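Before anything else, here is the set of structures, which you'll find just below.
Consider the two complexes below, in which chain A is the common component and chain B and chain C are the respective partners.
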Partner chain A sequence: MEPSLKTFTIPDELCRRAGIAATWLPINELGVFAYQHVKAHSPDQPSAYGPADASVFKVRQQVILFEPILRKLVNEANGTFLSVQELMSTNSPEFKTELLKLSRQYRSIIRACLENLQDEVMRERGERKEELQNYITIFYSVECVWHLCEILFVDNIPGNVVLPHLLEWVRFHFPKYERKAAKLLAGDLVGLESQPDYWETVIGLLMQGRIEVVRALLRLHSAADSKPFKLVDQTLKAMPIYSIYSGISATEFNLKWKHWLVDTQSKIDAKLFISERHLHLMMRLSVGEETAWNEVQNHCEAWYELLAAWLFYTEPTIKSFELGQYARRCISRMGIALHMRHLDQVLLAAMESDIIQVIKEIQHMSENGWFASHLTDLLYHSGRLDFLDTSEADDLVASRLRECFLLDYGTLLMGHNSLWQVGLSYLDHCPTDGINTIELLITRLPLGSEARAQKIIREAQKRDLPHIVQSICKILGMNSLKRGRIGNALTWALKSRDSGFASVLADKFLREYSTNGKLQCTDLLDNLGSSMLVSDRLVFLGKYFELHKVYQGKNYKEAANLIVSLLASKLTPKYFWSTLLSDALPLLECNELVMSSNDTFTLLHCLEEKCNLPEIQDKIELIRLAAARNLARALTHEAQLN
Partner chain B sequence: MFEAQEINAEHKDLIHDVAYDYYGERMATCSSDQYVKVWDQNSEGKWILTSSWKAHSGSVWKVTWAHPEFGQVLATCSFDRTAAVWEELVGETPCPAERGNRHWVRRTNLVDSRTSVTDVKFGPKTQGLQLATCSADGVIRIYEAPDVMNLSQWTLQHEVQCKLSCSCLSWNPSLSKNHPLMLAVGSDDTNPANGGKVFIYEYSDNIRRWMKTETINSITDPVHDISFSPNLGRSFHLLAVATKDVRIISLTPIPDNASLQSGLSKLEIQTSAQFDDHGCTVWRVCWNITGTILASSGDDGCVRMFKMNYINSWKPVAVLKGDGSHISSETQRSSISSAAGLPTPPVSQTARYIKLGTIAQSREVPWH
Partner chain C sequence: MTQNVHGTFISEKTNKIRWRPDPFGYSNSFITGSWDNDQNNIKLWNFEENEDDPDIYPFVIKNYPFEGDVTEAKFANPDYFVASSSLGSLYCLKVSSEITGETIITEERSWNKLHRSKNGDASSCTSFGMYESDIVTVGEDGNINLLTAQRKDIVRTIDEADSCSLNCVIFLKFNEILTGNLRGQMKIWDLRSNENKPTTTFMLSGDQIAATSLTFHPTQRHMIVAGDEEGSLTVWDLRQNIFPVNLLSAHSDSVSEIHFHPDHPDQLFSCSSSGELWHWITNRSGTLLNIENVETNPWFSTDSIKNKFEVFMLMPKLHKPINSLDLNRNRVLCSCDNEAIYLINNVNVYN
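And now, the complex of A and B:
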């Protein structure tokens, strides 16, 4: 069945007249604008629509999961999801029992969420209230389907005795009778039957298989000591209830149950209850009399409510694989086959054990894939999707199916400002495309504050994506540079190990110094260490800074050594020769002899090589003179030593 | 279900192109009014116009962002036969969030074309700053900024003649180092007798030239837009083509000795999907970030989305269509309130989203 497509309207007249085009923006939003194609060869003239109020519409999917009230659901489910993955990685032999526990954990998260919503809905009014009520409907259905799937596909029910679980499921979703019973029992016990909903409650409870409560309520009837009441009490007490733990086999049970049926039927036939209309109906129901069931079925809100009740009295030993046919019978019995709600269809598919149909249908539940991804993952790990891999019918593979949902769900969360890390954890568990998707998405996360950028970098590092880390650092460096914060930029350049970029920044430092004589960010330069090796220019900057330091520390000998090694290094940028050679002057003129004859020759050699640079013209004579004087001193000194 | 935020683009004529920056936080628009505008999203999600300038002396066809590693850089192309590169300068403001002190400067004007420049795209960032343009007279040009820190110097590296009028181009964004640089170019030449309208070019490192390696002969109708899909580590490339219908073409490299020698790959070309949902000419195609959803725009006035499902086949998932009939109630309401003399609320800085109405009340299709 191919569902027909939904067409969404962009509320704009120009868009209607001209047509529209769209551009994606990260992550999965669209920019839509009025568009008319113009061919390159047509003349360039104003369009027929101008002058026009052209708008761009930023279109995004409505994501209810991003509602603050549902945040807890997203985060807590993530915890359970991760527990599931961890459990499966430990190869525990007990994993089936554990999975069942985790399935229940998921459900209790949904229930907690529903409670929250219910509290909130009381406080709100108007449109918001409607919205919240809509969420309640959605998550109520989710819980309902999940619970049934848990019974049918996750729980390993001994002997496949599914009925007690079904009854429990129905009781949970139609709790009104139990609530009423509790209210009745807590109130004035005299003449309980005078309460308007007494009989409705009793019969409702009977249909939910709550025999003990039914008996308790009947005993409080003012005619409880009359003969029909006593007889009903006895009959109900004697009714055999099938349980795997009762120690009797299905055949034995059936024998006992048939016997009880015949016995009860004979009592009905003897008109022992006829004096009490309600008791008579109850007894007819308990033996599965069609006409009696016809009378009550209209009180059932849903077909599955009727189904559980009906099975309890007619097919108590039913196995889960037989459910489908009875479900269909129930549906036709209630005459609702043509107006099945979406929830009805999902539940029917589940009862027919059509897992793929269930998964297909639950994608329509408007909770943005939360349900489909978590349930599919759970079913996959429970081995319930294995059949896909062996069937040759189509290309559907269990692991691929699971991964598709996780990819979509993870990507969705990646689009949220504060849920992106949760999103990553889902993508991490997609063995095929997970890491590639992370690579594409993580770089698109807006970097925002420094702290956020660091967080993103850490996540990339955790996943061993060095090129992503480098790219992010480079971008941050570039941003800092454009804002004139070159120290910051250099820090990022070093992290990104981008030698070209580091060189450009080192140049900026050096040029700045050669024009105004100030070195910025001394702390950073002081701590460069081996990271300076990323670029020659940076090495030069680092060494030059060291020169400054030792000179300021009045360690002239060391300063002389440094300057000579810088001069000889061939790392000096052209624009910096003037500064460097000038820096040599005080060392040449130093009281104490700090530059040897060899050092001075090196300096003079550089000077001769660079004497054509215009910016040293005014200094050249001065330096030559100082060098000559130092050379004289040095040669004399060295001669004395020898 | 979708919701939308309207941004009045303040152009004086139809918008030809909208481009979002790498993060989707900035938007550039260009129009027949010869202007380019840049919009920034504030912290409340509202889009604010931060720059607007007359960029060309003809319609501006396309606008595109460079990778943020190169700074804030845009390229545009126009009917005026030029393409231009723009860089944003940020003034020395103490607070980085302040937008006032920014402006865009033209770093270069590429004037080599003798006809309208129909498309412009930056190359993959691993190649440094490369820019490809194509023009109506069928010439593809590859420019390069040898020093990425100095965007005023661009050199024309390659000029490739493509016989037919070019309408669009796309770089292969694939991250793999195992295959050469790849470009796809589409032609809107209307004569089917001229053969295939999509050409694949690859750069051979050995001879340092761009070579045409394939022509997609299955497409002989005019091509209006073309786009390589982001690669999720696949062994093949996917190319979306807007022609008389939507096509998704797969290009699978076939390893052989000849390709090892030439440094060019031989490709096996197949049509992965073909949709005539528009029922008429398709003008634009665009991939989402992960390459899982394709959006196409057609002459039927619709944007259609196609998504890959779990059995790796493409399915239409949603349609968008312009419809002005619903806005009347909104304007009516505001006119009533002003007539009643109620004070109009101050213009909010926060983004306002409206829920999009639907036309077909049929079943919802999962978006994800």
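And now, the complex of A and C:
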């Protein structure tokens, strides 16, 4: 594959003059801006480009899957994809049949999408119509290739006789003869052959193997009672058609069929049909006469249409691995080997069972990897890629190949505002790099409202990424802090058990209190419960709030106990000593004795330890005095008790 | 008639889905409110039931572009509904028909940036409750706003009512509301009181688990059920005390919405971020005439609660969160983050 380059021009004068640089924006966008490289030894002088209006250009790849009409396909296929993964994880012995069902489900999703597109095309006009038609072409090819791959690689056809399925496939993609037949049969039945496309339809149907319909149409010919017609009818009726359900083996069938060939050939040689030109041609076709096929091959729109028809009359029991050579023969026969369309090449590769070539080719279908990732995944699970692991030539490994597509596709979806959840479910099924990719991408998702952030957090939790949860919670906490919602910030810190962040916030509460004497968010502090244990500072804050509550409830004894335990706890921040010691004052001076001698000693001990702190210098005398008085009271009281 | 599920992919994630009430019969119309889209929308849908074709194909009658995510939507009556946005605004919208027969949605009244943070950032209006024409809204900014649909001005604001983001609110009485916050703190507010303080505060559980949805029993309004982010349902009887009567671990992920069936109060529906949609039927094993049994509400019975309910999954577990559900007679609507909406017909509500 030769490298393909595309050039985009940034329409900006400054960029043109200065040159550009670019940086990735999360995840699918590139930010392009004017840039002048400055090195250490660049001369220090005013920029030649300033002053100028600088702009940043966001460049992004157009992703057709993000079109609303195609998002249905993305989402619906995601459901099927997850069903495939679920199926494979259950180790069901029936998985082959189930996979086939799911493959059909994928195709029905594509068809539903095509139907939607077709409806939409009717309504639109102009450029948009063209665009939609483009999509139709893309997804039509996707369906076509998928269908063939399903027949050749996913379906488990008994005896490997693929022809009936191939005919079905061709009928589905070239339905015009069947439609015409239906129209002919629904219209005026008298003198049907006078319709201009009567014979074309009959021969077309013959080539698609619709013998019953051909006979029905022939019977409606006004000369149906003539001898050649009757003979043709009999011959076609007698033609053996291979079916796995017919109960005869392929060899037996071949015998019968050869017999029929000889019989029919003798009829042709006896010139029994020569009076009717078309019938003669039909009979010659049915025995595979080269000259006859040369006559009709130009009516075929595609080589594979001819291939199926030709095989039906020459090699009805062909095995799938023989298809390739016949396909090539067909192509050279039609003389199109030099101008094969992309679709033709993919189909040829499929018929040659060259799965790797198919996968290579379908990456160029420009539907942003939807097809390649889903089909590769399906082929991988049906065991069709296993040969990669055993062949030594390449360093290509089946599971890595699959993963590589899923990674690309998942990453692409992660870049969409709404489809990120879908993207995650693809990355989940990448065993090697999936989780690392998720780790990188999930933190780049814009958080938006808390509801959205909660959803992102839960996705991270499900994947057991505590550090991601913590960093998202921290962002939410910082945002709350910026909005002046310190309580909410603390809640986020607690939710992620982020002890560092919780300590910082608890500090903010305490500092705020020590400067203006107001405790914020009392409703929250009142209910901290066991969650306060994440951080010592928070424990201190919680206990200190409790002290306030108890004190306001005039329960001084309890308050004294609390303050002593706070003093002794060694949790007190340095800047808070002054506040805490001052809080002890009223308790020391309380009418009723609430601090025992031991309590007072604890307090004095702390006081002596901290007497160097500058902010308590003016209080130290006062506290000492109060402590001494309380100690006197307490000692007397305790002495009495003893 | 058997129960069947009709799914429709609609190319946007829906946060709220609500039946448009039809006072005379089965409703065939509903609204969806999207989220997380580049351009969010409120869409009015219609569908026709056809006896020949069992499939149902809802189609959009009217698309109303909406700024921000739709965080909540509720119909006041068949013609008016209220919707709140993640940008903190509240809109009262009217559905009406033009003379030409076209259906239109018009803005009847709006409260722009009703909730906002002090630094000017947008703050989501997370939920609102309605009692006749009274509306109470709560938001991430922790404020509670009391409005009335008839007037543009705000009747009352409780500033900084909560130091955490408020997640949900319901009216308990005309003058009483219950709010739930990010930490699972539940507060009852008396709207007549002048103080900006709740009358009662209690916790959903001890573990800082956020309340995500609230509802009350249709006939016994003192009975409250709250769903939380871990997927449990908690039941209170507010007549008695503030301790939960029952705690049911239900879903495996956050409960998105819970609804009692308005006409069949013995039945509850819940949906969850785990992709589950459940139908709870209380088990009436005893006969109705058994006098002892008549008084007990199974949601309140503490002993062997397991036998009192039967839980049905209304559809196979989806792979993405189910955000919203709504009931109309025996039909359930729900919306999921896989950009699809589901209509479930013939739900067995009549037993």
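Keep in mind that, in the parts below, the second predicted complex is superposed on the first by the 493 of 642 C-alpha atoms of A that agree within 3 Å, B and C clash if a C-alpha of one lies under 4 Å from a C-alpha of the other, contacts with A are read in each partner's own complex, and residues count from 1 in each chain.
Methods note: a contact is a pair of C-beta atoms (placed from the backbone, for glycine too) under 8 Å apart; a residue touches a chain by one contact, two chains touch by 3 or more.
Predicted model only: the values in this text are computed from it and were never measured.
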Q.
Output check: A:Y409 vs chain B and chain C. Expected answer is one of first, second, both, neither. What do you get?
A. first
Q.
Output check: A:D523 vs chain B and chain C. Expected answer is one of first, second, both, neither. What do you get?
A. second
Q | Greater chain A contact set [chain C / chain B] | A | B
Q) Given the touch rule stated above, what does A:G484 touch, chain B (first), chain C (second), both, or neither? A) both
Q) Counting only touches as set out at the top, which of chain B and chain C does A:P46 meet: first, second, both, neither? A) first
Q) Given the touch rule stated above, what does A:P26 touch, chain B (first), chain C (second), both, or neither? A) first
Q: Using the superposition on chain A described above, determine whether A:N75 touches chain B (first), chain C (second), both, or neither.
A: second
Q | Touching both chain C and chain B, counted on chain A across the two superposed complexes | A | 479, 482-484
Q | Residue ranges of chain A touching chain B (in the complex, touch as defined) | A | 3-41, 44, 46-47, 49-62, 363-364, 366, 368-369, 372, 394-396, 400-401, 404, 407-409, 411-412, 433, 435-437, 439-441, 443-447, 471, 474-475, 478-479, 481-484, 500, 504
Q: Can you check the complex and tell me which residues of chain A touch chain C?
A: 68-69, 71-72, 75-76, 78-79, 82, 417-418, 421-422, 425, 448-452, 454-455, 458, 479, 482-488, 491, 494-495, 520-521, 523-524, 526-527, 529-531
Q.
Help me check something: in the complex, which residues belonging to chain C touch chain A?
A. 9-13, 35-38, 69, 71, 86, 117-119, 121, 123-124, 126, 140-142, 162-165, 182-183, 185, 187, 198, 201, 203, 206-208, 210, 229, 253-254, 273, 318-321, 337-340
**Q.** Touching residues (chain side chain B, partner chain A) in the complex
**A.** 1-9, 11-20, 22-25, 27, 29, 31-33, 47, 58-59, 61, 68-72, 79, 88-90, 92-93, 96, 115-116, 118, 125, 135-136, 148-149, 165, 167, 175, 188, 224, 230-233, 281, 283-284, 286-293, 295, 297-303, 309-312, 316-327, 330, 353-360, 362-368
